[in-house]
Each structure stands twice: as structure tokens, then as C-alpha cells.
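Just passing along the structure, written as C-alpha cells.
To keep things simple, chains are lettered A, B, C, D, E and F as they appear, and every chain counts its residues starting from 1.
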Amino acid sequence: MTPGPILVVNPNSSQSVTDGLSAALERFRVPGGPAIECLTIPESPPGIMTQRDVDEAGLRVAALAESRPDASALVIACYSDPGIDVTRSVARMPVYGIQECGALTAMARADRFGVIAIAEGSIPRHIRYLRRMGVEHRLAGELALGGVTVAESGHGAETLARLIGVGERLKALGAGAVVLGCAGMANHRAAAEEALGVPVIDPTQAAVAMALGAILARAA
Amino acid sequence: MTPGPILVVNPNSSQSVTDGLSAALERFRVPGGPAIECLTIPESPPGIMTQRDVDEAGLRVAALAESRPDASALVIACYSDPGIDVTRSVARMPVYGIQECGALTAMARADRFGVIAIAEGSIPRHIRYLRRMGVEHRLAGELALGGVTVAESGHGAETLARLIGVGERLKALGAGAVVLGCAGMANHRAAAEEALGVPVIDPTQAAVAMALGAILARAA
Amino acid sequence: MTPGPILVVNPNSSQSVTDGLSAALERFRVPGGPAIECLTIPESPPGIMTQRDVDEAGLRVAALAESRPDASALVIACYSDPGIDVTRSVARMPVYGIQECGALTAMARADRFGVIAIAEGSIPRHIRYLRRMGVEHRLAGELALGGVTVAESGHGAETLARLIGVGERLKALGAGAVVLGCAGMANHRAAAEEALGVPVIDPTQAAVAMALGAILARAA
Amino acid sequence: MTPGPILVVNPNSSQSVTDGLSAALERFRVPGGPAIECLTIPESPPGIMTQRDVDEAGLRVAALAESRPDASALVIACYSDPGIDVTRSVARMPVYGIQECGALTAMARADRFGVIAIAEGSIPRHIRYLRRMGVEHRLAGELALGGVTVAESGHGAETLARLIGVGERLKALGAGAVVLGCAGMANHRAAAEEALGVPVIDPTQAAVAMALGAILARAA
Amino acid sequence: MTPGPILVVNPNSSQSVTDGLSAALERFRVPGGPAIECLTIPESPPGIMTQRDVDEAGLRVAALAESRPDASALVIACYSDPGIDVTRSVARMPVYGIQECGALTAMARADRFGVIAIAEGSIPRHIRYLRRMGVEHRLAGELALGGVTVAESGHGAETLARLIGVGERLKALGAGAVVLGCAGMANHRAAAEEALGVPVIDPTQAAVAMALGAILARAA
Amino acid sequence: MTPGPILVVNPNSSQSVTDGLSAALERFRVPGGPAIECLTIPESPPGIMTQRDVDEAGLRVAALAESRPDASALVIACYSDPGIDVTRSVARMPVYGIQECGALTAMARADRFGVIAIAEGSIPRHIRYLRRMGVEHRLAGELALGGVTVAESGHGAETLARLIGVGERLKALGAGAVVLGCAGMANHRAAAEEALGVPVIDPTQAAVAMALGAILARAA
């Protein structure tokens, strides 16, 4: 029996972001395994920028989880992990946050890890989240790309160059692995890993891998 | 191009244990994905019981890693994670320890987790390992099955009953997920999860899922 | 010039709860000081029971904060601190959560403190919150009243007796102060403190004291 | 019935410091509330400079607490919190240390806070104190004013300018609130808060607010 | 050149306690090494019972340290480590506290250690001290002998029997080593270690060993 | 009766290193006390450079411990503490690691300490080890000498000058004591301590002092 799909929920309304996620997950669609449906939330703004955006989106993610009892797992594909608590409280399937899974996956690869944020302003929120997770002592540092919008962050040689530069600074701080601190930077993962010489983690792929693992284990 | 295999290394010399691991990972052998080779180390004793067993086995795991440059990833399938540091220092592929991956995967499912050890005597060592990981505050508790050998732990209704009993005690301590603290208890996973009503993590499956994720991401 | 009021927001729709809060804060209405307005949120359910209730109420608290630029401070009077992040992100006035202020105030009175929750089920959420605050090591323990509804928790000799019993167990765990883990138990504070012989903290009073302090300091 | 006074104990013998404290607390003297008596300890040296000064002053604070059973609360108005343990052990009233209350109050306003010390040499002692409190992970940083005596620290445009400069550096380290790390800098609080755009906490005001809160709660 | 003596300061006025310390240190008086002078403080009460006793004794320890510039090291032989900060601030020689050294020495012998306190009431103070040291996570537990005075604690078969009983309970909590939480229980060390089968640490001996090591290293 | 010797095991095969250790421990050979035998392991490489060297050497240290039941204590004289777990698991005598003892001894002298590593590359491993010990929060910083081989590190004015330079940087980071992060730098200890004005700890001497203390206590 085929398991229900993994829902990868982009909590904003930008279909192009969702399409990018879907492309980055192409290889995770294994024959006989669950489908991986990447969903947009049309009621959301085009980008999750403010804490209110996060909290409002979180409730929509939870509603979506309730409306899809057929799903085997749900991944919240926004680095703020919007609605992770509420979605878990209502969902029957496992719910994964990409910030959580990105950090946990980095911790399986290196003693201390670094995070590349899009914007300076989100760093304190991320640090608070790692403290809530009780893993802040594994963080070597978090630094922002700076001067790049979320939309721009997924593409372009200049962004990649910046990203590698920030990665080098994180390595100097002791990072043995680097997490891309946004759902939409998967495009750069392989090139950045090649250039930096340490594992570079796309958090959405990390979360989908964990979801896939739980589903395959269930069937084992 | 097909990626190289995931090596799942049972660091003892019991082929039956290795066969059990292989069976529990059957569903992780996805079409187009990496082969999953479960290997026995014939030079090792039939069980990894003492710290010396652990350290000697560790060096053998590292040697095996060096001898298989074709592999895409290596999983050390013994809950003591023998040789994790040395294997990482010589291997070109990602190296996963099942204790590490079991804990990290449980942390993606619940705020606090419990561990079921085979024997009382290994609990202090596990706690020290979680402290090294910096995640000890997520442990709700670790309790031993007691009165069961490693060989017996993988089978039998009585063992399952004990395991569920210990799981209930861990839930009472606050565990929202339970890790099976041995490579060979995957057989009981589904039934224990069903009975306990919280996620039950087989650590070898957890590690293989992370390895698979890294390989699929690389190909993405 | 009189400072703007302190808004004490009961995020549910039970006017009787709000009235109880207001009565418990009567002495904090000092001449020349800010008014203390206790507000009900009519759109909310009569009680904040689920995580969804928490998250939905949080957005309403934030909206209320925006609609009252005249206020000097805002206290979120529900022990889940619904909307504390989003309200802070939009409000121009200081925003206080009662769970935060209850714990911080207990820490000014004793090395380790205990918390009395209404229901068992909320304890894991509270512990995660203390971990996010980075103060979990000051917690001697948290125990539930059990068998009492939120509505019943504020009144009655039997509830007081239970509360004292739980307080004694917390003292045995090392608690040198006890926090009432709900907005509506202020009625019992004095009697419980008398019986237990250690400080008993009503978290709403604790938060209002901090708010009052910030306002008086501003005027100093 | 009027509650007994809050004693704010300046543990040195400088009446001018005590007068400054009293002025900074003027607004906390609310009608119907407790008197706020600011006391000098004539047997102490004019400034608490050395650890011996701290320990000797501590015993005098405890003696003073014993001699004033009429008081409702006692605040130790020196950032070293001299005698906090011994005073608590003999006093019948709540005893507040300003270092403790300054940090706890900052934690109610921001995730991470900074501290401005007068002198470099006291920073290690303060960090050890925050570790004893178990809250060191909330500290973004502590930096010294430098080149300013305790006496000078309370006044003057140049001191304010330095203070704002140090505050900016603390913000760059991640501080979302700033504690003035001395009893005598309240004069600068409002101007520094205005300039820095984040809450600036005078620790004596913070402690008196907590004391006032406990007294008002008792009367409620 | 012979190094100056190690001063072992019993901060109370009981000569018999001092004599007991001296006897327990007999073997540490090595030929060519420093003398070990055990000193009583006649101005102190016969026992250090209260926090005030601790703080007053601390100042006397500091004064004694200043009056003996000939000494090579000073050990504060009371488990409350009275005056450790002030003595360090004025002394030219290294200053060791026995609570500190007892814990640190236990940590060189076992992953987690237990402490046997004389009285229940001192346990919270000890835990706060371990938190200040940043090593609280290595404590398996601390339990009190109960029903034994400090004077009685150093002698007698019944006390030894209780001590072993408490030691067994600490082992059950995970302690791999046990610290005697008082300066005067050295007499029982060997018998308790024999009975319990884990290292039992007399903290005064532990501190003197560290002092001796620093002196021998200086001469090396 | 003379106690059995303290074995100080240099886990590499360089006799000159062993001779240097022996010289640095000369003063610890006290009349009537245990002999201090410094041993070389001929099967090891001349230096312990890689993690495999560490793990292989560890097994040899354990074997040596088993072959010498006459010994009273064993010190592993390599800063990686090779084989500390396995040696403890098989040895009947206390086993001390110099990294452990160096850190613990520094913690008896200062609130925060620094470590001087030979090479940059070993710092992450040392930090992970301090996390395992649960004492990472006492580390002010660890910095590498740089450009110096292990062989060169023990001698020469230039090395001493570098070492003092690194020590000054550690002091600026808040270190109140400095640990020499290698078994072979004892020669520089006194001069570095003189120049830096803070305690400088040779970790082998620190471990031997603890071993000597345990032996003298046993005989007391």
C-alpha cells in the first residue's frame, strides 16, 4: 500500500517559491515512496516577513494539516517554523519544522554548526529558538547574507559568492557544517558545499529526509 | 548515475544481527537510490559488551570506511557509536552514529524523549554521550529493559511487553518520544509505537534516513 | 502628566475571569499612577484550552495592543503568554507575559522555585518555555492541581487545600518559592503563602508590578 | 493599614549617593503605599570598592535588616549585592539585590541583555554571579564605561555620551535591553533609553518595583 | 629552599575539629615538602552553623591570610568555603575551598558524583554553589545524613553505617564517586570507600592535594 | 608500606618526551611517597597526531594498565586523554587524564580559564571534550600557539615568547588561569606564570598531584 503524501507547505503565497521547493525535492520522490506535494497558501502574503506573518501563517498551516488527513507527514517549509506547536497539536501525522531539522541534521555531521540567515534582524529570533531546543551550545555562529531579499537569495552568482564568503566566516568561528537559514536557497547548496569543503544543509531537504525516514520505518 | 552504497556496519561478528538490520532496512532500499549494504566485522567478538570491545571495534569500523571509498555514507550500527570520531577523521563519506541520530530524530518529534537501554550499566555512558552532544536537557529519562540479553532483545512477546512497560514509565517521566537504545530492536518498533501512542524511534533506521537524505540532496 | 493605562488583557471571553483579575489588582491602582484596565477579548472562546486557542488569542492580543497606543504597558494575563512575540513586534509599549514575570519574580525570592499548574497536560509546554527563557535550572519542579477546572481553580476551600498540598510537595523537591501557574488563582495567594511559609507568587500581580515599575521609572 | 517601609540600603557611607538614590525613587513613593527610606551605613567606607568592602558591608546590611522588623522589604542598593545571602537568612522581610533584579527585569523586556559596568575589574565577578543565577546565557555582553569613577558615573554629559557609546556596542553584540551596572546611574536612564532605542534598566528602580509589587500583592 | 607552609584553616573555634583535620592530613606532610599547619580561629563560634557564621568567619579567614605572607597556600577547611572570594582578593598565595576541590576531585574520578551533607538545610546552598561553579550537571544527587551533629559526624560505627547507607542511595542515583560534605568526616573515608566500592573523597584532603601540587610544581 | 608507583604514560614512542615529563615531575617524587615511573609506549608512533593515533594509543594505555597491577595510579600524559574510558574500564587503580585534570585544577584557581593549544586543529576536539565534562562555560577561550611543532613546543625563548603572547590574549578574553594544552610544555610553566601574573597549569603536574593526593589519602 502506498503511504500518503508528504506535504511540504510553503506558508506564503508565492507559487514560484513553492515551485523552487518542489524542484529541490525532486530526488526525494522515490518510486514506491510517498508523493511529495509542495503547497502554497494563497491566503498568506507573498513573503513571511513579520512575526505577525509568522503567527497568522502558522494557523493556516495547522488548518491545512487538519484538512489533509490523508497525508503521511507535513513539513513546514519556512525557516521560522510557523505554527509548529499548533500544527502538532491538531495533526495526526508527524510535523517537521525546517529550522529544527536543519539544526538537528547539521548536528549529525559536525560538532558545531553555523547558520546563514538572510537578514540580520532574524538572528535573535533564531538564537532564541535554538535555546528553546536546548542546543544553542552547538551553534558556532549565525551571520546574515545582508543586502539580499528572500526572492534574490535563491539565485545568482553574486548571491552564491556572498553565501560562500559568509560560510568562510562561519568556518573561522568553528563551524564544521553550515545550515542555509531559509527555505529557498537549495539551489546554492551543492556549489557552496563544494567551495566550503564542509557539509552544507538545505533545511527543507533535511526535514523531508526525516519525514521520509519515519514513513519508510513505519512500513518496514 | 547511481550513488555508491550506504554501508551499515554492525561492528560485531554476529551475522544474525546483521541480517536483522538488513531486514529492518528493506524499505529504505528505494529504486534509483543507493544500495544499503549491511556488513559484519568478522574480527570482532559476537557482541560489543565492554569499553574495550567498543574501542577495538571502532578502529575496525574506521579501517572498513577507508577500504570502501565507493560508499556514499556509512552508518555505525551499534548504540555505543564505536569509532565515530576516528571514522570521521579518515572517511571521505558522511559517517553517522546511531546513538546520535536516534536522539536527534527523537528531538524532531517531541520536546523531551526517553531511551530504553538493554542494560542498566550502559546508562551512565549514554548520559555522558548526550552531555557531549549538548542535548542532555532534552532527555526525560533513560531506563533499562533488564533481564534481557542483546540477543533476546530483538524478539519475543515477553520482551515486547517489557519494552512497552518501560516505555510507559518513560512517558510518565515526560517522554514524548522513545528511542530504542540498541541496534537490534527494530522488530518491536511498530508494535511499541502502537501500544505507547508516541513515536518510537529505531536508531538505525533514523541514521539510514539521514544518510539517505544527504545522498538524495547531493543528487538534487 | 498621568501616564497611560496598563492594559491587563484576559485573552479569553469570560468577563468573570477579567473581573477576578481586576479585583486582584485593586491595590496596584495607586493614586497618580497609571490606571489598570482589565480587558476581555469577546472574540475568544470562554477559556484558552488548546494550542490553537493560544495562537488565535495571541493575534487578538497583538491587535488590541495596536488599537491602544495610549497605553503605557500591556500585560498578557494567561499563563501560556499567548502572542508575546507578535505583540512585542507591533506594540509601542512594553509587553509583559505572566509566565515570564511569574518565574522571574520567583527567582528574585528563592534560588529554586516550583510551579502549580492546573492541568498535567500543560506542564511540558511550560518546561519548554522555561528552557526558551534559559532558566530551567532554577525550576525545582512543576506539579498539577489535578481534577480542577480553570473556573474552579480560583475559589473554594477544597481547591485551596489541594493547592497547599501540591505546594508542600514542591517544597520537598527544593522549591523556595511557588508560582501559581494560572491567571486566575490570585484569591488563594495569601492563604497559600501563609500555610506554606514560602513566597507564593501570583503571576499577574508579578507582571503588573514590573509594568508599574517601568512606568514609574520613566517618570522618575 | 499602611505597610511598613521599603528600606533601600546604600551600603557605603556616602550620604550624597543615598540622596541620589532617594531622588531616583521619588515616583515610587505612591500615596497609600509603603514609605521608601533610603539609608546610609555610616560604618562603611565612602565606596564599596574591594571584595572585603563587599563582605563587611554585607554583614552590616544584615544587622540593619534585623534592627528594622517594621520594614516591609529591603533592597540592597549596590550592584555587588553585598550580604544578599546572610541578609535573607536573618530578615523577616523579602530582600532584593539590585544585580539580581536588574538582570531579571531586563529579561522581562528582551531576549538578551547587556550590562554597563563602571570598571573592567568587576565584570568577571558579575559574570560569575549571573552563572550562579543560572541566566548567563541571556547575557549578550558586559562592557565597562572605563575612565570614570563611581562618583562621576552618575552625572555629566560626557559620562552620558560614553554610556550611550557602550550601549551601542552592547546592542551590536545582541543586547535588546541594557542594565546600568551600578546603583548610582539612574540620572542617565531616560536619556540613554531615548538615545539607544531599547529599554535601559536602573537596577535600584527595578528592585524597588519588585519590592513594591510584593507589598501591594500582600495587601490585595 | 623549603616552601612556606600550607595553612589549613578551620574557621571555627573548636580545637578538636582542627586536631582531627591535622590527623587526617598526616600523610600529606612529606619530607622536603611544605609544613601543613592546621589553624583554629578562636574568635569564631565553636561551629559554623548559620550564613552569618559563614560570612563572619570568611572575613577572619581573609585576615589570617593577610597575616601570614610566609604561607605557600591556604585551604579553607569548612564545606561552605567561607570567605573564598575575599580571601582570594587579599591573599598572595593560592586559596582553595574544600567544597570546590571536593567536587573537582570527584569529577576526576567519575562522570557523576554524589555529596553527603550533614544536614538537609545546607543542600540548597550547596546546589547553588555548584551552579555558580557551572558543574551542577555532574551532580547525581546530594543527600543528608540526618540526625547527626557535626561533632558526631566524624566518629562512630552508627554514623559510618548511616553514611554507607546514604552512599548506596547516591550510587542508585548514578553517583560514581561520593564526596563527604563536611570538613570533619575524613575518619570514615577509607571504610566508606571499601564498603561502597566507589571513590570516596574527603574534601580537605582533596584541597590539600591540589595545594601541594601547586607548590611542588612551582619548585619543579 | 610503600604504595605502588604512579605510572605516567606517555602514549607515544618518543623517549625524549618521556624524559622531559620525568624531569618535570622530579619534585613530586616525595620521600615515602609512591615512585613516579614515566613510561614510553614503543609500539606507538613518535607523536600522537591523528584521531587514529589517539584511539590506537588508548588501547595500548589500557593494556599497559592491566599489565601493571602493582601501580597505585595511572596518568595518561597526552592532552587528548587517549583511552581514558577504556583504561578506566579495565584498571584497578585510579586513572587520570591530563586534559581533565588540567581543566579541573585551573577551575580551582580561577573562575574562567584559558587553554593554549599547540595546533589550531585540536581546538574543536578540546571544546567537545570540555562539553562532555560539562564545564565548557568556565572556558574563557582556547587559542593555538601556531607555527610550532610538538617537539619545539617544550623549549626555546621564541616559543616562550609566543606562549606568553597567547596567554595575554587569553587574559583579555577573561582567563584568570591558563592551562598548557600539551604534555610537553612544563619547562615554560614558571616563566609564563611569572610573565602573565596568573596561575599557569601544567596538566601533567596537575594530574600527578591528584593521583598523589588519592594515594596519600588512602594511606591516611
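To be clear about the criterion, a residue touches a chain if its C-beta (ideal position, glycine included) is under 8 Å from a C-beta of that chain, and two chains touch if they have at least 3 such contacts.
Since the structure is predicted, the reported quantities are computational estimates derived from the model, not experimental observations.
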Going by the stated contact rule, which chains contact chain B and chain D alike?
-> A, C, E, F
Equivalent interface positions on chain A and chain B, same or different at half | same
Equivalent interface to A-F, which of D-F, A-B or C-D, with over half of contact pairs matching by residue number?
-> D-F
CA centroid of chain B to CA centroid of chain E, Å = 43
With chain centres defined as C-alpha means, what is the inter-centre distance between chain B and chain F in Å?
-> 34
Per-residue overlap in chain A, given as positions that touch at least 2 other chains = 128, 131, 134, 137
Pairs of chains satisfying the touch condition | A-B, A-C, A-D, A-F, B-C, B-E, B-F, C-D, C-E, D-E, D-F, E-F
In the complex of these two chains, what residues of chain B are touching chain F?
-> 50-52, 54-56, 58-59, 62, 83, 85-86, 88-90, 125, 128, 131-132, 134
Okay, in this complex, where on chain E does chain F touch?
-> 24-28, 30-33, 94, 96, 100-101, 104-105, 107-109, 133-135, 137-138, 186, 189-190, 199, 202, 205-210, 212-214, 216-220
Which residues of chain F touch chain A in the complex?
-> 123-124, 127-128, 131, 136
Would you pull the chain B residues touching chain C in the complex into a rising list?
-> 111-112, 137, 174, 176
